[in-house]
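Next come two complexes built around chain A: one with chain B, the other with chain C.
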Partner chain A sequence: MSEKKVLVRVENLVKYFPIRAGVFKRIVAWVRAVDDVSFDIYEGETVGLVGESGCGKTTVGMTLLRLYEPTSGRIIVDNEDTTYYFMPKIKAKKYLKNTYIKKFKNEDPETFTFIDKKYYDLYKELGESGFYSKLLSDLPEKRSEFRKTMQIVFQDPYSSLNPRIRIKTIVSEGPVLHKVIKKSEVIEKVKAALEEVGIHGDHMYRFPHQFSGGQRQRIGIARALLMNPKLIVADEAVAALDVSIRSQVINLMLDLQEKHNLTYLFISHDLSVIKYISDRVIVMYLGKIVENAPKKVLFDDPLHPYTKALMSAIPVPNPDYKKKRIILTGDVPSPVNPPTGCRFHPRCPVAKEICSKEEPQLREIQPGHFVACHFPGSLK
Partner chain B sequence: MNTELKRTLRKLFKNPSAILGFALLAFFILVAVFAPLIAPPINPLFPDENGNPMKLDDPYIMPILSWSSDPVPPSKDHPFGMIAGRDIFYGVVWGTRTAFKIGLIVVSASTLFGIIIGSIAGYFGGWIDEVLMRITDIFLSIPFLLAAMVLTTILGSGLDKVMIAMIIFGWMATARLIRANILQVKEEQFVLAAKALGIKNFIIIVRHILPNTIFPVLVQATMRLGSLVITAAALSFLGLGAPIGYADWGSMLNYTRNYILGSSGQALAYWYTVFYPGMAMVLFVLAWNLVGDALRDVFDPKLK
Partner chain C sequence: MEKKPLLEVKNLKTYFYTEDGIVKAVDGVDFEVYPGETLGIVGESGSGKSVTSLSIMRLLDPNGEIVEGSEIIFEGKNLLELSEDEMRKIRGNDIAMIFQEPMVALNPVFTIGEQIMEAILLHQDVSKSEARKMAIEMLKKVGIPEPEKRVDEYPHELSGGMRQRAMIAMALSCRPKLLIADEPTTALDVTIQAQILELMRELQKEYGMAIILITHDVGVIAENADRVVVMYGGMVMETANVHELFKEMRHPYTWGLLNSLPRLDIEQERLYNIPGIVPDPLHFPPGCRFNTRCEFADEKCRKEIPPLYEVNKDHFSRCFYYQKVEEAQKLKKAGESA
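Let's turn to the complex of A and B:
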């Protein structure tokens, strides 16, 4: 894994949603949907992101694609800091100042990470104002490049296609705008893309309601694919499909991955799907990553008590098999007012006193296996 | 698509009230289009140099055919009777054109304005929404007739001024409606998908959001088209609208003010002065309401 290239690096990503109340719409509280999340996605791999509903996994995906603006944190794509791409210029400048200039002035260059170093060289070369104007000069192009790099496939095949426009327009709209394909070759390219996902090319003149759920999901995939992206975020992409169609679509996605060298971030609550498709699995609980490990390691030897409880809940298709299930008590606490210390401690069967006081950091226990727990592996 | 259109049309014409609505509307359109043939814009009292009746400079100004201002009952020459020396039939026929003019211009302008305000407020949200909606509230809080009177005092009276007043105070309902619909549609995944594709906000609104939200607005606009004519008539009745003698149903009712109660002992003596322009108005509003109902049935997916 170490020789592989990091495609997306998420550092300390935070996304809070304000709760407003009263006449003046004052902010009375924050929903801490994603709270300090860091992970890497390597080129060509499939990362599964699991967690129960409300744990912030979809928010991570949406923020990654900048459908939500992150509250703080850094998103690095292809060794470029993309965090400021979608900010208004003044805000972007402030971000660059707070993130880089302050660090460059006060800290020792020897301690910088690879990315920081890259920007440090630029700063050394151009000076502070040159640094800003260089990075802020071509934001529209950078945005376009970002959209071309990352695409998304949505959960609901019925709501993800505009019911009033034809498939041809749905699929070609983005690529034409970003000049991935020329206007003159739309028909030919759309046809090829549709046939690649298993839809008859002549059906491009139809409307979405003329297709079944599985076909629509394929069209959604074709729409993302024609942008020629490197990363596709699949947000519960197969959750709404019935089982037979689900496996077809998953296999289609795996075929496309091989063919186009795609990277997937596969968001799902379905552990069996995750087990089938992923190379690496990230488990989230209440806005935090609790465990991040290669699939085999995670499924065979989960270290976090929450992951262990999840694993014990996977149904086994054998009526005689009696498995010891770990039943968690209580409900997921509210992300508005999360528990102190470890967020899992009120429900954790092996929680000790320290768990309610000190928040466990994500530690690398074995190479590539990260756990955020004070007593990893203590739940048997 | 074609089969769907056919099915929609078939459904539309199975509904008797829809048929009545469209028939009435077609009738009014025909009257408006062929007004110069049905009621020729000439004044028979003043022959030109060839001995033919004089052509009117402005066909919308009803010719004065008699110097007596008392109502004259319907006769062969004047099938709807006369009032203030003017032929009621002529006024009703040319008033149809006026009604369409007022309705179409005011509704299209105020709807367009409402759509723009409502889309911006709904799509961008935040403080933009807050500011625009509070402005809408302010406009909604002003009684319409009062506002129209003040405006016509400032601008001067006249049909065009009344239309301006109706546009300025007529966009709020549309803005509210489209905003509410957009709030609903903008969370749909196809809008998020368009954002993820980097489509520009303007195109997202025009191509992805409005086509999915516009139909309730069109239905509402259709229904409003009829009722606006009544509002305009009310203003004309108060003397704020069309100038004296203009072929407009409301200003014709203005003439009848002194005769509405009839003469002593005969309450219905001058029934024709109120009946014909009033009937035209009622049928016009009814036509648009029935058409609006029919369109709503067609566009509402829940009734499909």
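Let's turn to the complex of A and C:
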């Protein structure tokens, strides 16, 4: 297990969205979409991120890809802190000062993590101003590199492809911009990428409306693939597809993963798809991670009451399958005013007094199995 | 089954006349619904499942037409021969319907209470204040907290799950004999879906109504239906009781569909793929509608539409080669146990 390399490390990620109202558009409240979330994604694995609508799973994906700027937290990709990559220079400098320089001046180097140590060495070598200029000198290149590393496949195959441009341009635009492929080799590369996902190469001159939903999703995958990424975030990539088409796309994604050694963050509301495709599963509820475990462990022995209830709510396509139904009462609360203490406590069948007062931290109960619950495993 | 069917659909054909040609959305569908049972209709997009339900209610778009020769017999009356006035007396009273998207199906400018009362006042001889009491009673029954307050709220003030509950309250306010539920939980989260399905089961037990449950979700069918109709390309591919269908399917489409599902209850090596794409209803292939995607298809399948064979008691399959499906199934079972 220790030999596996961490590709992405998310630390204390927070993303709040402002709600504005009134003539002056003042901020009146915050939607706490993602509230202090930490997890690792190892190279070559598929992490399934599951939760109901409004739990923040899509925001995690979008923030990870920096399509949203995080409110706070740190995102480390390939042992590089990428958090400041997309900030304006002054903000980036402030971030580096607050995150690293303060720590280096006040804390004992012995306690630093691997990443901190790496930046500490740089700081020792170059001094404070050298540290800034070194890290901030090549932001455009860093951004481009970041985009090449991480790509996304969207949920809705109808709105994620521009209806006015041909498939050839849709698929090759990004790779040409980031100089992954040369202009002269566009036709050849696009053809190869399309054929890899099961679309006839000559169809690159067509427009998106000439394809079915499943085919469009394949085109979306080809577009991500041509960037030669390490990580693909698949945000509900098969949710809009018919059952018979869904299994085709899932199998395609698994084949491509093996062939290109891809890492997936697979975001879905559907636990059965997550169970089939993932190596590890993260369950979110109202902006928090409630459970994070290897797939087999999670499905054999879910410890958080929410995970249990979620599993029992999924209809199983087998009329003779006997399962215990746990039916939760109430609705998912609003992330504008999340409940105090454990955010699940108003709906939790085993909640006790402490649950409404104290927020449970994500604890490692067994190696690799993290749960945020005061009474893990108490719901039978 | 000596019981008399509540609803019989015979050779139902619903065509839409569009600029691009005739869309044969439903093309010769037969099934019965018995009192008190739940009939599940399952199919993918374009299979004609929703058009079937709208045909029963006679709520088709103006360019849609039920072709002559179709019969929809409800308690001995052919609904297609009734006048619009007579039909209106049945709609909402004897047969009620709930839709997928409650936000679209509810009127945004009237309160929940007004909308439920409208149905009650139309079909029952009661005063306004009595109707209001009945509306509050219904809201309580479907598990809406504080019904006295909620009755005066507008649809946008309720959450998705609460709206669907309000829809159910409205549909059941006149105690219909048949409830048509078209994808009632598709727009909801799974934990809310579980609540709504549980509620529907309870109310069915209490009222003894029959339900036609239309969905694309095979899991919902397995847990809620007594009998199942599998539709594809505007036709019935297979009909059977739910236990038999999931164990002993006799149509290649059902077989492919059930094997391509990711499942929670078993371990799976690799999902089965049905090759090809869902056909466009403007251009269905000649012969069996499934022949372009079927591994057993031959010349005969490409020319003739297979009849519905009774492969077992009350179990029908529209496939010339239903025995081959049986063999394939035995092979798969042998492979699994080996």
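Here is the rule we go by: the second predicted complex is superposed on the first by the 379 of 380 C-alpha atoms of A that agree within 3 Å, B and C clash if a C-alpha of one lies under 4 Å from a C-alpha of the other, contacts with A are read in each partner's own complex, and residues count from 1 in each chain.
Going forward, a contact is a pair of C-beta atoms (placed from the backbone, for glycine too) under 8 Å apart; a residue touches a chain by one contact, two chains touch by 3 or more.
Given the structure is predicted, the values throughout are model-derived calculations rather than measurements.
S.K.: Using the superposition on chain A, decide if chain B and chain C clash or fit.
M.R.: Partners fit side by side after overlay.
S.K.: Give one of first, second, both or neither to describe whether A:L194 is in contact with chain B, with chain C, with both, or with none.
M.R.: Once the two structures are laid over each other on A, A:L194 reaches no partner at all.
S.K.: Check whether A:I289 is in contact with chain B, with chain C, with both or with neither, and answer first, second, both or neither.
M.R.: Neither: A:I289 stays clear of chain B and chain C.
S.K.: Using the touch definition from the top, say if A:S160 reaches chain B (first), chain C (second), both or neither.
M.R.: So A:S160 only meets chain B here.
S.K.: Once the structures are superposed on A, label A:G174 by its partner contacts, choosing first (chain B), second (chain C), both or neither.
M.R.: Once the two structures are laid over each other on A, A:G174 reaches chain B alone.
S.K.: Looking at A:S272 after the superposition, I want to know if it touches chain B, chain C, both of them or none. Which is it: first, second, both, neither?
M.R.: Only chain C is touched by A:S272; chain B is not.
S.K.: Rounded to the nearest 10 degrees, how wide is the angle at the Cα centre of chain A between the Cα centres of chain B and chain C?
M.R.: Apex at chain A; the opening toward chain B and chain C is 80 degrees.
S.K.: Under the stated touch criterion, which partner chain does A:Q215 make contact with: chain B (first), chain C (second), both, or neither?
M.R.: Second partner only.
S.K.: After superposing on the shared chain, does chain C or chain B touch more chain A residues?
M.R.: After superposing on chain A, more of chain A is contacted by C.
S.K.: With both complexes placed on chain A, how many Å separate the closest C-alpha atoms of chain B and chain C?
M.R.: 10
S.K.: Using the touch definition from the top, list the residues of chain A that touch chain B in their complex.
M.R.: On the chain A side, the touching residues are 25, 62, 65, 67, 143-144, 146-147, 150-152, 154-156, 159-165, 173-174, 177-178, 207, 220, 223, 227.
S.K.: Taking the touch rule as given, give the residues of chain B at its contact with chain A in the complex, in rising order.
M.R.: Listed in rising order, the residues are 1, 130, 188-190, 192-200, 207-208, 211-212.
S.K.: Mind pulling up the chain A residues that touch chain C in the complex?
M.R.: For this pair, the touching residues of chain A are 52-53, 212, 214-215, 242-248, 250-251, 254, 269-273, 275-277, 299, 309-321, 323, 325, 327-329, 331-332.
S.K.: Across the complex, what residues on chain C touch chain A?
M.R.: 44-45, 159, 161-162, 189-195, 197-198, 216-224, 242-243, 246-247, 256-258, 260-265, 268, 270-275, 277-278, 293
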